[in-house]
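Both complexes shown next keep chain A, but they swap its partner, so chain B is in the first and chain C is in the second.
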Partner chain A sequence: MTRAGGFIVAAAALTLPLWLASAYHVHVAIMAAIFGVLALSLNLLLGFTGQLSLGHAAFFGIGAYTSALLTLKTEWPFWPALAAAVALAGAAGWLIGRLALKLRGAYFVLVTISFAGVISLVSVNWIELTNGPLGLPGVPAPELFGWSLRSKTAYYYLVLAALALSYLVCARLVRSRIGRAFVALRENEALAESIGVDVTHYLVLATVVSAAIAGLGGSLYAHYTRFVSPEVFLFSYTVTMVIMVVAGGKGTLAGPLVGAVLFTVLPETLRAAASWQWQMLAYGVLLVLLVFFLPRGIVPALQALRGRGAS
Partner chain B sequence: MEQLLQHLVNGLVLGGTYALLGIGLTLIFGLMNVVNFAHGEFYTLGAYVAFAGLALAGVNFFVALLMAIAAGAVLGWLCEVTLLRPLRGESIDTTMLVMIGLWIAMQNGELLIWSGVAKSIPHPFPTAPLVLGPVAIAPLRLFVLLLAAALIAASWLLIQKTKLGRAMRATFQDRDTAALMGVGIGRIHAATFAFGSGLAAAAGALLGPVFLAYPSMGDLASLKAFSVVILGGLGNLPGATIGGLLLGIVEELGAGYISSGYRDAVGFVIIILVLLFRPSGLFARQERIA
Partner chain C sequence: MTLAVRDLAVRFGGVTALEAVSFDVRPGSITSVIGPNGAGKTTAFNAITGYLRPAGGRITYDGVSLTGLRPSAIARRGIVRTFQRTSVFPALSVEDNVLTGMHLRGTAGFLEVLAGRRRLAVEEKGLGTEAAAILAFVGLAHRRREVASALPYGEQRLVELAVALAARPRVLLLDEPGAGMTGAEKTAVSGLIRKIREQGVTVLLVEHDMRMVMGISDTVIALNGGRVIAEGPPAAIQSHPDVIRAYLGASGGAA
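== the complex of A and B ==
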């Protein structure tokens, strides 16, 4: 993205609540930003190291539960709970990264799915801690210097800040030596290893950062909806993240954001016309169509178009 | 002791159908190198076809089972020809995304057709259990076990004794040489996918009446099939059979002696542990098909 383009996007994002007509629209913007955080997180693994995590809802859910439990049961304030959510999700990512050290492709996918399955069963069955399927209501709204961020507009700025932070972390990471190591792992692992790139080390690192960012999204989600239940582990969250990344353009920085906005706004506008099942059905079909007709995603396709126009 | 025997018998019934699921998946995964996340949806399909046959059309149980297998095989063949054939030669990740798309689309299609309410599938067997010494088994469960065993035997015969089976084994061992020897790889792929999907549908039609039919039943079925494949080794038919029975028994024992809430965690834990310590499976010296 050019500097001017980035400026326009930032300005639009910052003034967005002024343009939006109703609280409902701000709600959609908040959800888009939370999913933006999640899509950026998944993209770090899928887009840059080439490893698909189908257990990303686990990191999201761990973040949500950590933050909710700490503020509800130990009455921690929001900010340290948020930090703990990021840390614990990151630790879970480290565990998965270590476990899956030598596993690639399909086997990496299976380990991540299995991990999410176990965590989800724990959230249902460990009733003393998680209150089981009934979930945890009454998660408090965050405060900042004594100001409650209960209003939708205030919360929008909170998630926007988190999104900007996640974007900067990802951008900084992938443009560094580490990011080049990620891409080397994706493109040709044997070659990368032969020239001295410690592949497993970088894969663990990518998993940790990705999981921590997903945990950030989970915490923000918990304190926004004020309710956490085992539904945070639903596979449809992971599917939504995958669609956002694949449609937007995996391995680009702007792609997941475009995907997140598109696939939050589109279902909301279609909600009156089509039920949730129809939307999920459409997601499935869309994923197939994307692989066939737009395998690299929207952002790379647009870039290719612009490149052709300029030359 | 009696309790243990009872758990073993229940585990065998579950394990027989897990073996069917696993054999189907291990063939598709091993031979076509396709990570078929839609496998469990063919299981769901089988259960709903059985429901339609038994509850709505009122046909005989065997007819309903055959209908389920046929529906699974035909739809599997269609999916291979339309979705996978154009992508042959693409990376395993590409076809995996397509299969994830198919999974979501099929599951929500089933949700739209049948609604989310679980359906109980009627069956003609008496509900009073047969008491055989220390164990009691419902006639339906015994029947399911016997039919699963028959289908597993039929799969073995097909792979070992028929010309198609020989072509499948050849393709698995060395695709290029098999193609040079006149094996039509496209035809073998379509047949493998249809065969595997038919077996998954059979498993659904068999287990559906034991439990209930509901749209998301395929999710766990897929994961169990994957744990069976990983236990038994890729493309390993005896491995998948033993792996399936083992998974069924371990699940049943875990649910009986540890906690029924964590029954489904057994498959997940198996996936993680086997991939960590014996990535080529418990039984295989090397990956093979036969």
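== the complex of A and C ==
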């Protein structure tokens, strides 16, 4: 993104609630920002280290449950609960990274799927802690300096700040030697080792950061919907994140954001326009068309277009 | 600062690929490993650089054991290799390939990167300058912005060499640097290898092209059937009866 482009996007994001007609539209914006956090997190692994985590909803759910349980059962305030959610999700990421040390490709995918499956079962069956399938209602809304962030507009700015922070973390990592080590693992692992990149160290690091950011998204989701149930571990959350990252452009910084906005707004628009069956059909057709015509994603396609225009 | 290989043994299942291989690579030398196909040259490279765990023997550099270390740990000790089959970071630009090769040169840690310390921008700039110098050295300055996988084969091999040099090796192991190159390209690579040595880097290479080997090596080690059959200066190796027999076959030696 150019500096001017970034400025325009930031200005638009900051003034968005002024433009939106109804609380419903702000709700869609909040969900887009939460999914933006999640897509950024998945992209760090999938786009940069080249490893697909198909259990990413687990980190999201761990963040959601940690935050909900701490505020409900121990009456922690929101902020430390948020920090704990990030930390615990990051710790889970560390565990997965260590387990998957030598596993790549399909095997990495299997470890992450299995992990999500196990965590999901725990959330359903550890009824004393999680209230099982009934979930945890009444998760409190966050407060900041005594002000409640209960209103949709206030919450929008909270998730926007979290999104900006996640973006900053990803951008700084990716543009450093650490990011180059991630990409080296994706591009050519044997060569990466030969020039001194401790590949497993960097894979663990990427998994931890990615999981921690997903945990951030989970906590924000829990305090927004005010309700957490084992549904947060649904495979469809992971699939949505993957679609956002791949359609937007994996391995780019802007791609996950574009994907998150598109695939949050689009289903909502379709919902207003057509019956359920037609929605799903239109969604599917659009996905196929995207993969067919823009296999590398929207952002890389735009970059290529601009490059051609410049030369 | 000698790279010493002692009694190195590698087995794949029941097959012995290397048996009691011992040799020294003197600091500042260009040493070549030759031998017919299947002699164990690349296997020796893989064992030295940590890509294969030897069944027996010791590898030391400057008296410190390298045996059992991961390739990245061996690279950290200054021993860097290239690969027989062209090996670059395909989707990255030539410049980013070299910058990635400088991984060990950078010092930016995780928290520093997150904090966005100003020092890091200075470091990045320095690495960029150095990358440009390395690209100029191998003659790829004009390809800086191109994607590595889009380059012709000979230039991809130069990218690979540049990536290895970016790690600032003390010992550089080159696995068939001239393979698949034209005569002119081979001459250029030979010149580069000499210049690399002049900068104080020890070079160990596996190579099939005898003209190249004999032209640039100080010492030649001949392998056959997983054993060292001869070691010495190029002229002595060229006329060594066991070497001639290994290349031409037993009947050739008798004739």
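What to note about this one:
Please note the rule applied: the second predicted complex is superposed on the first by the 290 of 311 C-alpha atoms of A that agree within 3 Å, B and C clash if a C-alpha of one lies under 4 Å from a C-alpha of the other, contacts with A are read in each partner's own complex, and residues count from 1 in each chain.
Note that contacts are C-beta pairs under 8 Å (C-beta built on N, C-alpha and C of every residue); 3 or more make two chains touch, one makes a residue touch a chain.
Computed from a prediction, not measured in an experiment: that's the story for all the values here.
The larger set of touched chain A residues comes from B, when the choice is between chain B and chain C.
Of the two partner chains, chain C is the only one touched by A:198; chain B is not.
In the superposed model, A:19 lies in contact with neither chain B nor chain C. Once the two complexes are laid over each other on the shared chain, residue contacts for A:111 go to chain B alone; chain C is not touched. Legend: residue contacts after superposition of the two complexes on their common chain; A:292 is shown touching chain B, with no touch to chain C. In the overlay built on the shared chain, the residue A:242 is in contact with chain B alone; chain C does not reach it. Looking at the shared chain after the overlay, A:280 reaches chain B, while chain C stays out of its contact range.
Residues common to the contacts of chain A with chain B and with chain C across the two structures: none. Those residues of chain A lying in contact with chain C across their complex are 169, 172-173, 176-178, 180-181, 183-184, 187-188, 190-199, 205.
For chain B in complex with chain A, the touching residues are 29, 35, 83, 86-87, 92-94, 96-98, 100-109, 111-112, 219, 223, 226, 230, 259, 261-262, 264-265, 267-269, 271-272, 275-276, 279. Those residues of chain A that touch chain B in the shared complex are 50, 52, 54, 99-100, 102-103, 105-107, 109-111, 113-115, 117-118, 121, 124-125, 235, 239, 242, 246, 277-278, 280-281, 283-288, 290-292, 295. Those residues of chain C that touch chain A in the shared complex are 49-51, 70-73, 75-76, 80-83, 87-92, 96, 99-104, 106, 108, 110, 113-114, 116, 120, 124, 160, 163-164, 166-167.
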